[in-house]
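In the two assemblies presented below, subunit A is common to both, partnered first by subunit B and then by subunit C.
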Partner chain A sequence: MADTNKKTLLLSTVLFIALLVVPAILPRFYTYIIASIFVTALLAMSLNLVVGYGGLYQFHHCAFYGVSAYTVALLITKAHVPYWVAFGAGPIAGAIVGYLIGWFCVRLSKLYFGMLQISLGSLIWALAFRWYSLTGGDDGIHGIPVPDFISSTKSSYYFILIVLTISLILMYIIIKSPCGTTLQATRDNPERCEAVGINVRKHQLVALVISTFFAGVSGVLYVILEQSVFPDLLFWVLSLEVFIMCLLGGWFTFAGPIIGAAMMVSLRTFVGVYTEYWTLVLGVLLILLIFFLPEGIMGFFLEKFGAKAPTEDHGGQH
Partner chain B sequence: MEAAHAVTFAALGSHLLVGLSRAMILFIVSSGLSFVLGVLRVPNVAHGSLYMIGAFSAYTVFTAVGGQTGFWLALVLAPLVVAAVSFVAERSLFCRLYEREHLMLLLFTFALMLILDDLVKIIWGADYRSIMAPDYFKGSVNIFGSSFPKYNLFLLAAGPVVAVGLWLFTNRTKIGKIARAAAVDREMVGAVGINVSWVFAFAFVLGCFLAGLGGALVAPTVSITLGMDHDIIIEAFLIVTIGGLGNMWGAMVGSLIFGITQSFGVLLWPQFAIVFPYAAVVIVLLARPTGLLKSVW
Partner chain C sequence: MLRVEEVYKSFDGFMAVNRASLHVGRGQIVAVIGPNGAGKTTLFNLITGQLTPDRGRIFFEEQDITRLPPFAICRRGIARSFQIANVFPRLTAFTNVQVSVLSQQNKSGKLFRPATNMAIKETYDILEHVGLSDKAQHLAGSLSHGDQRILEIAIALGNKPNLLILDEPTAGMSPEETKRTMDLIKGLAQVRNLTILFCEHDMDIVFDVAQSIMVMHHGSTLIQGTPQEVRENKEVQEAYLGGEDA
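Up next is the complex of A and B:
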């Protein structure tokens, strides 16, 4: 096990260094695509914290991502607060909304949890979509100024890479912490956890707040990269897409959602160049995956190369 | 609050009727979703796409035949087209997944949604389409002192007809009873020698047929376009959840709540009308977390 850990660490370091030199070699367009993969990957990772490790049906994760992006955009364009205050406020707003929605949701189970979250999230979407005077309605907000030193594609790439790396390390530490392992226990056997005196709901709520905080971080990165926000960021279709990224990459592995996000974004970009029917290609690919790689791409490789057998029962009966 | 509208009895009445007729469309679509959810226990994400295919098929039949016959033929054929599509998808791929992890079934319906949406784009293109109801459904009648479109009256009648039909079907026919039994205890149904896989196929196709019927019925009242599936699917899911999963009458109650709050929202606060039904769903779920009526699970 120690050997695999060392290998993974070495691999991650090599990958990180490789990603550092990417903007120097690749053209600007590819730098941008990789940066947007980073943003999406962080969103998918934060979702996986509650879906993969917590077993919760987090069906409207993008609500928190969008709330954070809108908070940053509104604070900068309307309230003219300093950039760093706005960037800090985004994830905090995401986590606060996450706490409020989560407080209601953890009282319900499985599908009902997901449905309540979709309706509460849709409320936020409807507000952003209709409140023209504040949010610009379906046009969104464009040309959001960002500090000079992260305004170019290259510099924002580095900033996003560094924030992503720090976030991933933090998430990894959280998952391996006692709180994280308890969360996984509540996923696998909530009744027994309750019996030994673990407050299941409290752990789920804490996980939800942490997860929505990181979704918020991803929302801030989105604003830095795109310098615009629009209501689709809060729409449930995007939430479903992110959910699918976790399943696609393998949702019981740490790195799975990153692979899923990378696949989804590159498919959209590169297949989208050749045909406008890229979702058709994605659909066919998904069906192939369902039939041939049920554990997701990452899960498949882990199984194949024997690092760790994927868990069998993961509380997904319904 | 923008209460500039004079909230008169007449305005209330006409909004109520508009809300009710919207509720009937929602009921037809969400009862199909509920039926699939009840028997197969799969939230069929592709349900909205099938509704959209229903509307587009109705358009094709209507333009090919035209006139009054075209309208009625579209109403009959469009749901059958949708049923055929879902039958092919179910028998060729979906039925092989029943033994698998539950989220995989959800993932499959998502993939199906992606594929169907693009197929609609390939076949019908991204233009706005519309069809016309027959002459006797055109214009409006005076009810409560305000005008009310005649076609909406037709919808008001269609909803209960479908409800009664569905009720008779699930309670009075053998296959319907088997499907209901499978919803409650599928192992037992298998144990008494019934081919559960075909029961599932039947339930899936019937549910999708209702989506297609909803799409065909709504076609004369909206512009038929790509993306019309996104709103209906989320609404149908919420309706099914607040009504009680798999409960047909629950779908009716949920649709009424959704349709009426939506139309009164327009009356009270037009800009944020869209917020009202979602808020109603939140209130219902907080008061009764497992839905208003008994879930079949």
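Up next is the complex of A and C:
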């Protein structure tokens, strides 16, 4: 196990360094696309905390991403608060809304959880869409000023990369902590968890708050990159896309959703250039995935080459 | 230690438990027997809070636990295993037990410390005790049925219970596994000073192990007494043993 850990650490470090030099080599457009992948990847990872590790059907995760992005946008453009206060307020707003919606949802199980979650999340979308005087409705808010040193594509790329890295490390620590381990136990068998003294609802609610906080961080990064917000950010279609990213990449793996996000954003960008029916390609990909790689791309590779299969490992000693 | 006073539970008009009473003294091994559908599992679910009784009260160490949720009852010192193997299939056997130990130590909520070096010794002690330490790194879902049942008991032990409730601990086991399990249970009672409440179909096991036996029939308590008393009871012979000579 220690060996694979070292390998993973080495690989991540190499990847991180490679990503540091990307803006120096690639044209601005590609830098932008990769930054956009980062933002989406963080969103997908935060969703996977509750979907993959918590087994909760969080169908409308973008609600919190959007709430955070709107909070930042409104605080900067309407209330003129300092940037850093606004950037900090975004994730906190996401987590608070996550707590409120989660408080109701954890009382229901499985699909009912998902249905209630999607309805309550859609309410927030309706609010952003209809409250024209505050949110600009369909038009959204554009030209949100951001601090000078992160206003160019290149500098925002670096800022996003650093925040993403810190967030990933934090999430990794959380997953490996007793709280994360217990969360996985509640996913596997909530009834048994109750019987070993775990307050399952409370634990799920804690996970939801953490997850929506990181969705909020991703929302802040979106504002920094795009300098605009619009209601589609908290529309359920985007939530569905993020959900698919987790499935594509492998929802029982830590890094899976990053791969899912990279695929999704690339598809939308590069296939979307040729045809507006890029979702057709996505559909075919999904069908293939369900038939051939039910554990997702990352799950497949881990099974083939990686850390999994402790059963064989151990059997060898006997 | 545990006192169940005339509890009732019905499902859609069917009286699953119809006036059942039970008494478990400290350090005892108590068995509940009865034909299929007599309400044994329902009674256990009432005690551990998976279900709440329609009427009646349940006391544990002189405190009313009748309407507490399962996790709160567990924290007072009652741990249980389930009739069907009820483990965490995607986690390793080690983690299965560790989750329970962490919960007992009130550390389930810790966010920023790696779980890999917490509660290691306690967890390995338990696995060692039940004889699963060589399979610690196997995924629980990949263990044999017998091992999963043993793992269940290990999970329950992680809570450091005072009272251990086992719902048909040997169901679906081969004769050798059954013997191994019963030896383990007897050993637990001695070494860990546990009070044990279990239900079982195999009469030989029950009369061999239990110090007190409660007989259920159609959801009601027929009698609770020593094995000798139960064996000689006419009502029990009629109801449970179908009128044949015992």
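Note that the second predicted complex is superposed on the first by the 307 of 318 C-alpha atoms of A that agree within 3 Å, B and C clash if a C-alpha of one lies under 4 Å from a C-alpha of the other, contacts with A are read in each partner's own complex, and residues count from 1 in each chain.
FYI, a contact is a pair of C-beta atoms (placed from the backbone, for glycine too) under 8 Å apart; a residue touches a chain by one contact, two chains touch by 3 or more.
Values in this document were obtained by computation on a predicted structure and should not be read as measured data.
Of the two partner chains placed by superposition, only subunit B is touched by A:L282; subunit C is not.
Contact with neither subunit B nor subunit C is seen for A:L267 once the two complexes are overlaid on the shared chain.
Of the two partner chains placed by the overlay, only subunit B lies in contact with A:L120; subunit C stays clear of it. Of the two partner chains, subunit C is the only one touched by A:T182; subunit B is not.
Taken together, the two structures place residues 318 of subunit A in contact with subunit B in one case and with subunit C in the other.
Touching subunit B in their complex are the following residues of subunit A: 104, 107-108, 111-112, 115-116, 118-120, 122-123, 126-127, 129-132, 235-237, 240, 244, 247, 276-277, 279-280, 282-284, 286-287, 290-291, 294, 316-318. Of all the residues in subunit B, the ones that touch subunit A in their complex are 41, 43, 45, 93, 96-97, 100-104, 107-108, 110-115, 117-119, 121-122, 230, 234, 237-238, 241, 245, 271-272, 274-275, 278-279, 281-282, 285-286, 289-291. Residues 48-50, 69-71, 74-75, 79-80, 82, 86-92, 95-96, 98-100, 102-104, 107-116, 118, 134-135, 137-139, 142, 155-156, 158-159 of subunit C are the ones touching subunit A in the complex. Interface of subunit A with subunit C (complex): residues 173-174, 176-182, 184-185, 187-189, 191-200, 203, 206, 252, 310-311, 313-314, 318.
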